[in-house]
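Before any comments, here is the structure.
The first chain written gets the first letter, and so on, giving A, B, C and D; residue counts start at 1 in each chain.
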Amino acid sequence: MTVEIEGVMRHFGTAVALDSISLTLQQGEFAALLGPSGSGKTTLLRILAGLDFPDAGSVRIAGTDVAAVPARLRGVGVVFQHYALFRHMTVAENVAFGLRVRPRRHRPDNAEIDRRVQRLLELVQIPELAARYPQQVSGGQRQRVALARALAIEPQLLLLDEPFGALDALVRKDVRRWVRSLHDQLGITSILVTHDQEEAMEMADRVVVMDRGRIQQIGTPRALLDAPANPFVAGFVGDATRLEGQIRDGRLHFDGLPIDPIAAPGADGPVAIFVRRSDVVIERSGAASEGFHVALVRPSNDATHVVIRHGAIMLDGVLAETAAAVKRGDQCRVRIRRCAVFGATGDIIAVERARALVDRD
Amino acid sequence: MPGLGVSLGITAGWLTVIVLIPLATLALRPWELGFAGVVGALLEPRVLAAFRISFGGAIIAALVSIPIGILFAWVITRYRFPGRRAMDALLDLPFALPTAVAGLALTALFAPNGWLGAPIEQLTGWKVAYTPAGIVVALIYVALPFVVRTVEPVLRDLSLDAEEAAATLGATRLQTIRRVVMPTLLPATITGFALGFARAVGEYGSVIFIAGNMPMVSEIAPLLIVVKLEQFDYAAAAAIGLAMLLLSFMILLLLNMWQRRLRRGHE
Amino acid sequence: MSITTLSRRGLFAASASLAAFSARAQQAPTLLNVSYDPTREFYREFNTTFASFWAGRGNPRPGINTSHGGSGRQARSVIDGLAADVVTLALAYDIDAIAERGLIARDWQKRLPQNSSPYTSTIVFLVRRGNPKGLRDWGDLLKQGVSIITPNPKTSGGARWNYLAFWAWALRQPGGGAATAEAATAQLFRQVPVLDTGARGSTTTFVQRGQGDVLLAWENEAHLALQEFPQAGLEIVYPPLSILAEPPVTVVDQNVDRRGTRALAEAYLTHLYSEDGQRIAAKHFYRPRDTAALRAAGERFPAIQLVTIDDAFDGWATAQRLHFNDGGIFDRIYRPGR
Amino acid sequence: MTTAIRPAASDSWPVRWVLIVFAAVLATILFLLPLAAIVAEALRRGWEPALAAIVEEDSLSAMRLTLLVAAIAVPVNTIGGIAAAWAIAKCDFVGKRLLTTLIELPFSVSPVISGLVYVLLFGAQGYLGPWLQSHDIQIIFALPGLVLATIFVTFPFVARTLIPLMQEQGRDEEEAAVTLGATGWQTFRRVTLPNIKWALLAGILLCNARAMGEFGAVSVVSGHIRGQTNTMPLHIEILYNEYMFVGAFAVAALLALLGLLTLAIKTLLETLTDRRMGAHA
């Protein structure tokens, strides 16, 4: 089922929640709406579900304008942030709800409902919990109930509102993969709302980055990492640290940091620089001249994560593969492999497209 | 959410027929007297005195209800003791007992020859029934449940964490109550005070028996409305009623604003 | 929902419920007598007697309902639409108020004999046994330390008779005039600790709550109190002079004509003047007009000097305006600074 | 409960004891003694006169009338209260705060005034009086007036019990139901109602208790006709004024008993709710 959103606006009082949102999703696509809280992503989701209505613009689901279609007739499955399970109904009753409230002529008979509920509970792998109440099952299980309940109405569009927020880290990873595989298996269109960039990157075919009611960038996870469209995306996606700098005579200078200037195209002037952890390569240096020293070392499987410090500025980086181990207090040297640079025009929000990706290696 | 139209329609209809149209008549009727007539009717010394007694009595009663109400709420939410449920249920009695019956019973108790009136007069020389003190007693009776029932849920929800935190920071139990518990209760206490006051200021049935009803001393404003009606003076009765309503509404509005400011401060 | 549907539904419910309440109301004519407080016992007996009398003359037995309350409140209820067939109130002024709204003919007081008052009463003192304060006449009430119980003249008809009886006495004192009477009345009310809204409330305060040394009361109310509370230790004192209270009765023309009950209502009132009516009135301590009945009552009604409201106060309208209306003398008594 | 195992936030036993005793004494003076006085007066001459006063015809008709009035007033306020609570707690619209204030308004209106307004509106001297009279419709001094005054006085009880609870429960479950295809009515009946039913019942009980006991407002609009427009509280006043103290207090005791019974049921409901919640938590 395709979803076409065009020029959607939504105000709450004087606050703008959604500002000219346009977006098209293809049948079978898994999209993620990624942004900090207050970015408007949940409002957009609620508009798709029919729980909220745009002040302007149109929403078409499967080619039909749904402006006048109330939520209950949209057939859109929603998994709510805190699951919103009916606390006075058992798990099975929760899942059956969407079938039982159908008008009589469309309602399956009781045996059929029971069969379908059973099948759904098997699909989400909790058939043994049918008779329990929501309060009596774990967070991960509740999440599965919520999913089964949303799937019971056989939606062609599934909306997931921060569905993994209430789960602990270990469970979360499994459930993410499982939900994604379920999506592929059912062939439906899914939209995930999240503020967790890792989650969005892992699950979605395409990620829609939102901030302050506007879409900042739409693209595959790879594209977002490789070519962030503006400082916000560069900062929000992929653990980047923001540094200040200048371009002078075709070279990029880092303000107040003992990093060698690197070649960069672009007009002279102050710039914002975003560097990702994996692009900051750290080596121990004998001399005390470089001025960085190690503040924290955290070993991990792929590369050693090192936090270094110069004056008040802290920078995340990784230890060069060939380098010797470092410890707290060691003097060190820094090599920037890649960085994203945005020329500032004074207006911070304004997107200056003069972007330079500089590769020194 | 669906059903807004239907539910708002029902609400508006119900509100309009039962409350708004009748109250509108109250707002219209006094002006038969003309503006000067209304002002004159309200500025009569006896009317002013009745307002002082009704509003003063209600404010005192609501104020007295605060510590008693908090005590009751504290005891029934924090302690377990035999008869707790009974005490809890008893606190709603003034909602359920007809006010006139309550008035008769309180008068019988506090009259100079009553179970409580006699010992009180013997010990202290004070008279309760047939004095303004009697009015306050009856008004406490009607106002108290409102304070208890608004403070109680807040006290129930008040997490013990904050009290424990205060204890770890070296506060004595009394300091904890004064600096941690009481400030949290303040907004609810104001609401309870406002509700109790609003209920007490208009109370008629229970006060009339115990008040003595002496003009200028123990005559309440609702009685004056009845007196005006009995003199076939509908407009003056409506004028007093309207003035009472506006005055208590203004007081409630002020309390509401204060309470909202406190709430905001807490967030 | 609109007002009309609401009221129609209400009406339907009302008629259904009334049918459920009194089946007799459906078959036989009914009469509503709106009266004042102390007549409860009297009319309860009279109603039975009259119903039998009326039925005995070949009519269906009527159902007679009564409503009691402060005289002023009852008059107001009739003005506001309480469908009274007859009103039997404490004072002519209250019936005048109904007549002013056009529900009763203006000349109502001339329609029945003796100012339309089939029975009379007066104001007496009810005191504690042995009359410890030695209260014999109105002047004794002003003695130091005497506490007096009377209802509020603003809300109680009986209280207005109390007030006027005292005023009439004060006028007749040596050197008495409006000024001295007002001063004496002000003094009297300074000695009143509780002003109940009605006569019955005052009786309760005096008898049950033990307040005050003397209760100013209707003669019949005082006798009833003696009868109802034999252990309370009460005595009646007749002052040498009191007021002739004439509680009037009349038919509410607008209502009887609408309901078609005029014949019944008029017969009901006329029956008050009959031998039976007069006897029952005397039994309930109302002074019968009929001399034979009065004589039969014997010692029950001591002869004291009684002034009438027309002689002493130039009628009810004047008395009401001068004394009890807003800004009248009674209000002046309670002005602060006195 | 938790109090017992969290000593830092509990009081020492002397404090506890003193507070409990103090509260018990106050409760006795303010609530128990008046009740006892009523019962004592009712039984002054033993059980028989008290019972006789209750089964006497006028008393019975007063009881029937009281029940009838409550039977009309309580459902009206229940439906209105639920609708108002739904609109306020589950929907967004302009003027919500105003609506909330207006619903609470009857609490701050003197019962005398609430009777008075109907007299001003429907009385023969009132705005609609002449019209009503010409159509032979009796509102005040008859059942409709009693019902209206009772509805006015008990107006906010149900709504006030439901609004905070429904606000606290939020809209999640209702929104979930709607996305699953439930109509507004289905959502209310299958999702909202089960969550509020105990509070609703408590609100209805309180509303009912107040409806049966209302005196001031009803007194203004009743014609005080024996056996016809006297509700129980008015009948008590009449009996009292007729020096039938035993009867007056017997009926009063009965009414108080009904009130206590109501409160007991309400307390029981709350206990049950707590237990259920406790079991699930």
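We take it that a contact is a pair of C-beta atoms (placed from the backbone, for glycine too) under 8 Å apart; a residue touches a chain by one contact, two chains touch by 3 or more.
Bear in mind the structure is a predicted one, so any value in this text is a computation, not a measurement.
Novice: Tell me which chain's centre, taken as the mean of its C-alpha atoms, is farthest from subunit D.
Specialist: Chain A.
Novice: Which pair, B-C or C-D, has more C-beta contacts?
Specialist: C-D
Novice: Based only on mean CA positions, could you tell me how far subunit C sits from subunit D in angstrom?
Specialist: Chain centres of subunit C and subunit D, defined by C-alpha means, are spaced 36 Å apart.
Novice: Take the average of all CA coordinates in subunit B, do the same for subunit D, and state the distance between these two points in whole angstrom.
Specialist: Distance between chain centres: 17 Å.
Novice: Using the average of all C-alpha atoms in each chain as its centre, how far is it in Å between subunit A and subunit B?
Specialist: About 54 Å separates the centre of subunit A from that of subunit B.
Novice: Where does subunit A touch two or more other chains at once, residue-wise?
Specialist: 70-72
Novice: Which residues does subunit C have that touch at least 2 chains other than itself?
Specialist: 3, 6, 79, 201, 208
Novice: Quick check: what residues of subunit D touch more than one other chain, meaning two or more?
Specialist: 119, 125-126, 148, 175, 178, 183, 240
Novice: Can you list the residues on subunit D that touch subunit B in the complex?
Specialist: Listed in rising order, the residues of subunit D that touch subunit B are 1-4, 6, 8-12, 15-16, 19-20, 22-24, 26-27, 29-35, 37-38, 41, 76, 79-80, 82-84, 86-87, 90-91, 93, 99, 102-103, 105-114, 116-121, 125-127, 148, 151-152, 155, 164, 171, 174-175, 178, 183-185, 187-188, 206, 209-210, 212-216, 219, 232-233, 236-237, 240, 248-249, 252, 255-256, 258-260, 262-264, 266-267, 271.
Novice: Using the touch rule from the top, collect the residues of subunit C that touch subunit B in their complex.
Specialist: Those residues of subunit C that touch subunit B are 1, 3, 6, 70, 72-73, 75-76, 79, 97, 152, 154-155, 192-197, 201, 205, 208-211, 324-326, 331, 334-336.
Novice: Within the complex, which stretch of subunit D touches subunit A?
Specialist: Residue list for subunit D touching subunit A: 172-173, 175-183, 186, 190-191, 194-195, 280-281.
Novice: With touch defined as at the start, can you tell me which subunit A residues reach subunit D in the complex?
Specialist: 49-51, 70-78, 80, 82, 84-89, 97-98, 100-102, 133, 135-136, 149-150, 152-153
Novice: List the residues on subunit B that touch subunit D in their complex, please.
Specialist: Contact set of subunit B toward subunit D: 1-4, 6-11, 14-15, 18-23, 25-26, 28-29, 68, 71-72, 74-75, 78-81, 83, 85, 87-102, 104-106, 108-109, 115-116, 140-141, 144, 153, 160, 163-164, 167-168, 173, 176, 195, 198-199, 201-205, 221-222, 225-226, 229, 234, 237-238, 241, 244-245, 248-249, 252.
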